[in-house]
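The following block contains the structure, expressed as structure tokens.
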Amino acid sequence: MTAQTTGTKPRRITYREAMREALREALRSDERVFLMGEDVGRYGGCFGVSLGLLEEFGPERIRDTPLSESGFVGAGIGAALGGMRPIVEIMTVNFSLLALDQILNNAATLLHMSGGQLAVPLVIRMTTGAGRQVAAQHSHSLEGWYAHIPGIRVLAPATVADARSVLAPALADPDPVLIFEHGGLYNASDDPDPSAGPVDIERAAIRRSGTDATVVTFGGCLPKALAAADQLAGHGVSAEVIDLRSLRPLDDATIMSSVARTHHAVVVDEAWRTGSLAAEISARITEQAFYELDAPVERVCSAEVPIPYAHQLEEAALPQAADIVAAVRKAVG
Amino acid sequence: MPSLGADMDEGTLIEWLVHPGDHVERGDIVAVVETAKSTIEIECFDTGTVGRLLVEPATTVPVGTPLAVIEDGAKAPAAASHQAAARRGAASAQMSAPAASPAPAPSVPVPAGRKPAEVSPILRHLAHELHVDLAAVLGTGPGGRITHADIEHASRTRRTRPRASPLARRVAGELHIDLGRVHGTGKNGVIRAEDVRAAAAPSAPAPSAVPAEDAPPRQPPAPRAAQPDRAAAMRRSIADLMSRSKREIPHYYLAAEIDLDSALNWMRERNRRLEVADRLVPAALMLKAAARALTEVPELNGYWLNDRYVPGAGVHLGVAISLRTGGLIAPALHDADRLPLSELMSALRDLTSRARAGRLRATETADPTMTVTNLGDQGVERVYGVIYPPQVALLGLGKVTERPVAVDGLLGVHPGVTATLAADHRASDGAVGARFLTALDRLLQKPEEL
Amino acid sequence: MKADHTATARGARGTSGSKQARSARRRPAAAKRQPHAAREATDHRRELLRQMLLIRRFEDRCVELYSAAKIRGFVHLYIGEEAVAVGVNQALTEADAVVATYREHGHALARGVPADSIMSEMYGRSTGCSGGRGGSMHLFDAARRFYGGNAIVGGGIPLACGLALADRMRGENRVTCCFFGDGAFAEGEFHEVANLAVLWRLPLLLVCENNLYAMGTALSREHAQTDLALRAASYGMPAWPVDGMDVLAVEAAARRAAVAVRAGGGPCFLEARTYRYRAHSMYDPDRYRDKAEIERWKSRDPIDALADAVRAEGEPAGFVDEIAQKVDAEIDAAVQSAEQAPLEPVEGLLRYVTSPAETS
Amino acid sequence: MTRDEALDLVRDAIRRIVPDADFSAVGLDEPYRDALELDSLDFLTLVETLHKRTGVRIDEDDYPKLTTLAACADFLASHTG
């Protein structure tokens, strides 16, 4: 068996291992929990997250599915209604479109349509994002689409610590929770504090404090935003970096109180700009903190193009630290 | 046509910034006037409703000519609504029986509150493109409809709404600062909160004269083609004024060497801790000292009018600023004696940049109580100045140079400046002038108290 | 279209389903030898008749109330298909689960969801079975394990699959019964679930209500192979058609299937060949089928057929009217209750989007 | 920043203060303030602009190092690394 979660000493683990430990802990602590998805068992997960879990928990609870996204996501919803605590892994957000009907029309609506009778305690995990030269059909960032939907919670753990910590509260939520794991983060490593306790999945996290500009981001863009903040410090600009962590509901309070301190806001989102989560956040800032703004809200998003294969093209299409630096400098003037 | 300086006999109305029916408050900028020296925004000194505009743009009229009628605030709404009713009546009459009544004059204002729905989408788009507020546009088309030309006209003549950030607006509201008087340092001149605070808070930095990064150099509003004429006119105007001065004013001259050692040491220490924008220049120190000296010697702070001396209402130092296009202008640094140094510094930078941009305000050109001319930067040792009538004195400052001084019986090298006073002997005698220079010297020895 | 008729006629007469029906009809003769058993059988048939009449007359009233604008939105009527819901439900216990479609008034009533809570739901009242948030297409009753009320064609099938999966993982000996139509049979979700359910041997009873039209598209225009049971069987599960106009045949087929499912052998598939008399939704142009076809199906009306059979067993001539009166009284009470029920207050608009925060 | 870039930046900054500055008349090693008539306020504005655009802190003690265009460029180039 691979890395165990025992011991309280901090030690360096990857995002992938952190997620695996969280899964293992959940499977051990609640027999209603099971993991279902394409290649989660024998293959060990497309991204290796569930490696070794089949051996420990068996094929009933580490359940390989056929390539039937709508079928097995719907089955996860039904199983949740039937008293289980399913964790459904959709290999990537790109394939989640085949299950969109189930997520939107069933998972998100059943509680409401039934007048409060049917809650759906389901967790859906999926990989998201670009940056690995896998071209247009495998590089989507559609978190914002899901964050559009009332009735579901959308989380985007961006740090190793969050990867370790968000699953438990997600499973404890009586309603559907979508967890987006950016593919570029799996190999990130850190020493999460084992005594940190459960994470408040309602709240955004301030990953770096600053006084001149608020950079709001999430998921795979967080490391870029932090790198940008380092560079900005060299230019004498102190950027505060907010990791949204929860894309729905949005933690308006943390964003607005930061903007009230810095008076400049830059939103960084790997999705396309048009109709993006960045647009939503920008709109909220103008709604709620208009009179705190000393400059227009800036957005750094992906170019409006299907994500191309070639490295240099892909890099150019995606938000980069330099773009964030430029946007912050533009905002602070 | 207000008098915008003693040398002004006539002015050209460049544009109206208000329209008949507009409510104006005392202090609002209502028009732009071009004088021989500068393009100046003129303020209105009454509160009420703009009635008729008596002078068309591009018309030159003598000082004292009424430009517009401001109606009493109480009567104005009635008049406006009467006009509105008349307008509606005229419009409907015109529609039902075109020949029955004469068409209304095209310049009759459209009643406020007209529905923008009457504007076609194309014109609406144009208005949007040109940042024209349709509610403020006078319609001159049939039935008072807004035409293409109206919007273009409005775009050309509208009073520019200050481009300010939301925070800047909020801060301006809190600090009771008129955004129209704040110089924006943001992109394209956008006013940001720090600009407002700078305009308000004595301790704030003074970024106002700093050109915004990437912003094009500010252009004077007048067409460039007018520049040579303007320069020539200014030359003539200076010629007239200085001739009058030398003809009428019996000047006397005094000079004093002032040791700036402690002043400049203090300044250097202070600047060391500060960002560039907050640093002082020696001129600011000397201006402040001059202003304070004038409060001690008020006989030099005022005007010679109708054969007698009239003291100024405050210490408004005229600051002689040479323009890059040639010529000279000396707008007022209002209440310079009461401005804390940092604020005086920012005001100085603001005044200089606006003078060079041709955007001075009427009161700034009209009422300096004494002028200071500093030619030190040009390498001059001593200035023998010519007084600006009707002022009664002019302080000249030369170059700050290292010079030998006796200190406690020893010879030392200190920075120093030669201050000269040109004063009107009708208004004061040499002893008064001497008191002024002595005070100036004394004040500059204790810079921390300035 | 004619091909469909003959197919259905053949299905009605020549399948094992109709054999079941015939054997059921033979029972009265046996009952004479066993009066107590005969009485029970007759009572059961009277109950089936009552349920079908309740559905029929409830929906007749829906038409009236829709025309009077008391009910709005989409309302899909089950009239003509009553035998399927009523018959299948006889094979289910209270512990079993039902997932239905948007044409589900009949399934809800057969499941025992009270008429007044359904009517109130269609009135958008607080007392509606979904608190006024669902309407005609989204009837829910968690206590009766009635899971809707799903208005995306095929959308309920994966849900039923998951309910069955949960039962299987928890070791519950329960059946999840999923109703869907011939239109849903064309959806990928049906085929995904058919595969999954067999693969995982889930306790799932798939009941395809083949009413010959996916909205306005005839079966033969949407399916290359119109024998749906045959196709379902290809996934490796028992599958057979039954005459959906014969409630006793449906009941018998469903019981047989339920027994198989409960035994743990995995899912079963029933194709109930039936017909809706009315439009797809409340009204439609009916350009896609001719009146004569509708009349032919009406001549095989499941309620009339059962009434005739029960009368033949010696019930008095007026017994149907007697049942109808009771049913009407229930419906009247439901309408009256809906009329008087409070409207769901607008202040509660945002309720039930997410679960209320735990108070602990 | 290279010296050439720094030189361009200095010229650009001066041009913002003196829009029609004629650099052809100012040798790189000549005092530009006199030639271009930059008074002390203008010079302060120049220092401020250079600081803003390069991030280089320029103290008053550094002013004597900024007397010619070449000196300005050298100063900036050496401080921006």
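When the chains are written out, they are named A, B, C and D in that same order, and each has its own residue count from 1.
The rule is simple: a residue touches a chain if its C-beta (ideal position, glycine included) is under 8 Å from a C-beta of that chain, and two chains touch if they have at least 3 such contacts.
Since the structure is predicted, the reported quantities are computational estimates derived from the model, not experimental observations.
In this view the innermost chain, defined by its CA centroid being closest to the centroid of all protein CA atoms, is A.
Of all chains, C has its CA centroid at the greatest distance from the CA centroid of subunit D. One simple way to say how far apart two chains are is to compare their mean CA positions; for subunit A and subunit C this gives 42 Å. Averaged C-alpha coordinates give centres for subunit B and subunit D that are 29 Å from one another.
Subunit B and subunit C have Cα centroids separated by 85 Å. Subunit A and subunit B have Cα centroids lying 56 Å from one another.
Counting partner chains per residue, subunit A shows two or more touched chains at no residue at all. Multi-chain contact residues of subunit B, defined as those touching 2 or more other chains: 213.
Residue positions of subunit C in touch with at least two other chains are not found. Screening every pair of chains for touch gives A-B, A-C, A-D, B-D. Of all residues in subunit D, only 55 touch subunit A in the complex they form. Touching subunit C in their complex are the following residues of subunit A: 34, 60, 65-66, 68, 70-84, 86, 101-102, 105-106, 110-119, 150-151, 153, 173-175. For subunit B in complex with subunit A, the residues that touch the partner chain are 165-170, 185-187, 190, 192-194, 212-213. Those residues of subunit C that touch subunit A in the shared complex are 97, 99, 128-134, 138, 140-142, 147-150, 152, 155, 157-167, 169-170, 176, 188-189, 192-193, 195-196, 199, 351-355.
Only residues 263, 290-295, 330, 333 of subunit A touch subunit B when the two sit together in their complex.
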